[in-house]
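These are the structures in question, set out in turn.
Each of the two complexes below includes chain A, the first together with chain B, the second together with chain C.
Let's look at the complex of A and B:
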């Protein structure tokens, strides 16, 4: 449940412990991420492996993280399940985010 | 504050009335429980009752029960007079809802303090009641405003129509009172008709207001500052903007901030009505479905493009294709395909295509209602978690 983070290879890996990133979780997720940014974390990797559904509100929350970071840092996405990947495909999120098949690949710095 | 003294012994009643009156309260009196109920009904200002226990007709316990049964629309603080250290009486009194007790013979200083306690409780209760009243009034206003906003939204929706030689029909159902789905169609010049469908992220009031603003901008075709065409210096003095350019302009105009999380997916198309040539741009929106009733097929027009308002400076792609008379395009919001049945299974694009294929030879309005009844059957009802929009157009040829 909820969100957690750890430092690994100079990046902050944020694990989403929720099965749905939707309207009910969008604001808590955004607030959690904004807190990390305010604490000076600027290289963020979002681990989506436990999320099996994301809607437009969830996507909006991730974009707001990008907006909040501006050019001060980067947010990358890792390990999306099929339904989330379908949403990324439909909305061409690869044009906006770097999306990695796994957290390990995100940390090794090789793009998808 | 008004206080009612209920006591069958005349002298004791008179004495109590005098004392309570001296403390500054307005006093009413009754000889027994039955008379007390009549006085309470006639005097809505009475908030505290001091009642003896043993009385003819209706005793103190019976009176307290009658008051607590809810026949008066206010809280009445009940003080029961008991014999000294009568534990059983206290338990019985509490069990029928007495608030406090006073030992007989009455100590007048104690009476004063207990009455003050009663006053505190009834004043709190009155304040709460007033707050409740204000809240429910405020809620009424909000609900009326929402209902009138929903009417505004309905008025913004284009009516089923034939423009030049293109027929339009639709079905729209917001998930709450207000939705963030919007669509429209309009002639851009004598031989071009535009159509669009969009879905603002999120639900409710912010999304709906945002969709109103975009709709106004898109549908204001004749304005000099129109976002779908521009004026030029040479004949025909109008340039109809290609769909990807319209989307880019919208993206420039509406950028989400870190706080509001508002952006939208959309499909925007333009039909050249003399030829049936279509230019169409998708921005993160579900693929448009192309029905060819002559062949009985449903063709999926690949979507693409990022949603509008996320990131500045993005580019979109316009695709072109040729409609034949009788061909239809079906645009929809993801509420349709993501509509879950009671088992949590989604309706899916596959089922939507099948439903369209089944109903494709029917007139447009029949086709739409048939698809809708399929969806409601899948859902097991008519209440949906997301806004639902289906927009169909038919190229009728020359």
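Let's look at the complex of A and C:
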């Protein structure tokens, strides 16, 4: 449950241990990510493999991470389930974020 | 037997939850269950869940300013071979005219070269507008209802 992170190569992999990244989780997730950024973690990979539902608030939290990083770093996404992929597609956010089929591929730098 | 006589009557499920974001999952699961009775694909079912969650979130965050302890009602009106209507009602502040469905806003297509298009909020109802066949909003005697229709 909740969020956790680990260092792999030169990146920080953030695991979302929640099935739903919705409005009730958006603020805790954003705060967790902002804390990492404030600690100097700026190459972020978000592991979405356990998330089977995301709403616009969850998406907004990820967008706010991207904006917080600005040109100081990068946030990439990995292993989204179908419903989450569909949300990124519907909102054209798949054109903004680099989305990898797996964390391993995110770490090796191979995009979708 | 006439066509009208052969139509199955509609069935209604009425739910109510407290105005807590954590409780939207209860409505979401009920919607998934009813949608699973139809011929909707898994993708469509996911989208119906997304729409109802967005509208319930909107009621909690705007009609009740994020405060718990208030009532949100959800009606699912299933008319086999016709449509599924979902009505989300609250008793809080009515939706401002400029954001109601009749004054719909298109989803902002993000431009990677223009940070102003990378919005962190404000997409919910535009997503609902895009995915549902028809939506409308009414406010009457302190009860605000957001109606969503999906043809079957």
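Simple rule for what comes next: the second predicted complex is superposed on the first by the 112 of 112 C-alpha atoms of A that agree within 3 Å, B and C clash if a C-alpha of one lies under 4 Å from a C-alpha of the other, contacts with A are read in each partner's own complex, and residues count from 1 in each chain.
As a convention for this text, a residue touches a chain if its C-beta (ideal position, glycine included) is under 8 Å from a C-beta of that chain, and two chains touch if they have at least 3 such contacts.
Just so you know, these numbers come straight off a predicted model, no measurement behind them.
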Do chain B and chain C fit side by side on chain A in the superposed arrangement, or is it a clash?
clash
I'd like to know which partner A:24 touches here: chain B for first, chain C for second, both or neither.
second
Which of the two partners, first being chain B and second being chain C, lies in contact with A:86: first, second, both, or neither?
second
For A:98, decide between first (touching chain B), second (touching chain C), both and neither.
neither
On the A-aligned overlay, A:60 touches which partner chain: chain B = first, chain C = second, or both, or neither?
both
Where does chain B run into chain C after the fit on chain A, at 7-15, 115-123, 223-231 or 331-339?
331-339
Residues of chain A that lie at the interface with chain B and also at the interface with chain C:
23, 55-57, 59-61, 63-64, 66-67, 90-93, 95-96
Which of the residues in chain A end up touching chain C in this complex?
20, 22-24, 53, 55-57, 59-61, 63-64, 66-67, 82-83, 86-87, 90-93, 95-96
Using the touch definition from the top, list the residues of chain A that touch chain B in their complex.
23, 26, 30, 34, 55-57, 59-61, 63-68, 90-93, 95-96
In the complex with chain A, residue positions of chain B that touch it:
199, 201-203, 256-259, 261-263, 265, 284, 286, 303-307, 310-311, 314, 334, 338, 386
State the interface residues of chain C toward chain A in the complex, per the touch definition above.
20-22, 24-25, 28, 42-43, 46-47, 49-50, 53-54, 57, 60-61, 107, 109-110, 112, 115, 118-121, 123-124, 127, 130-131
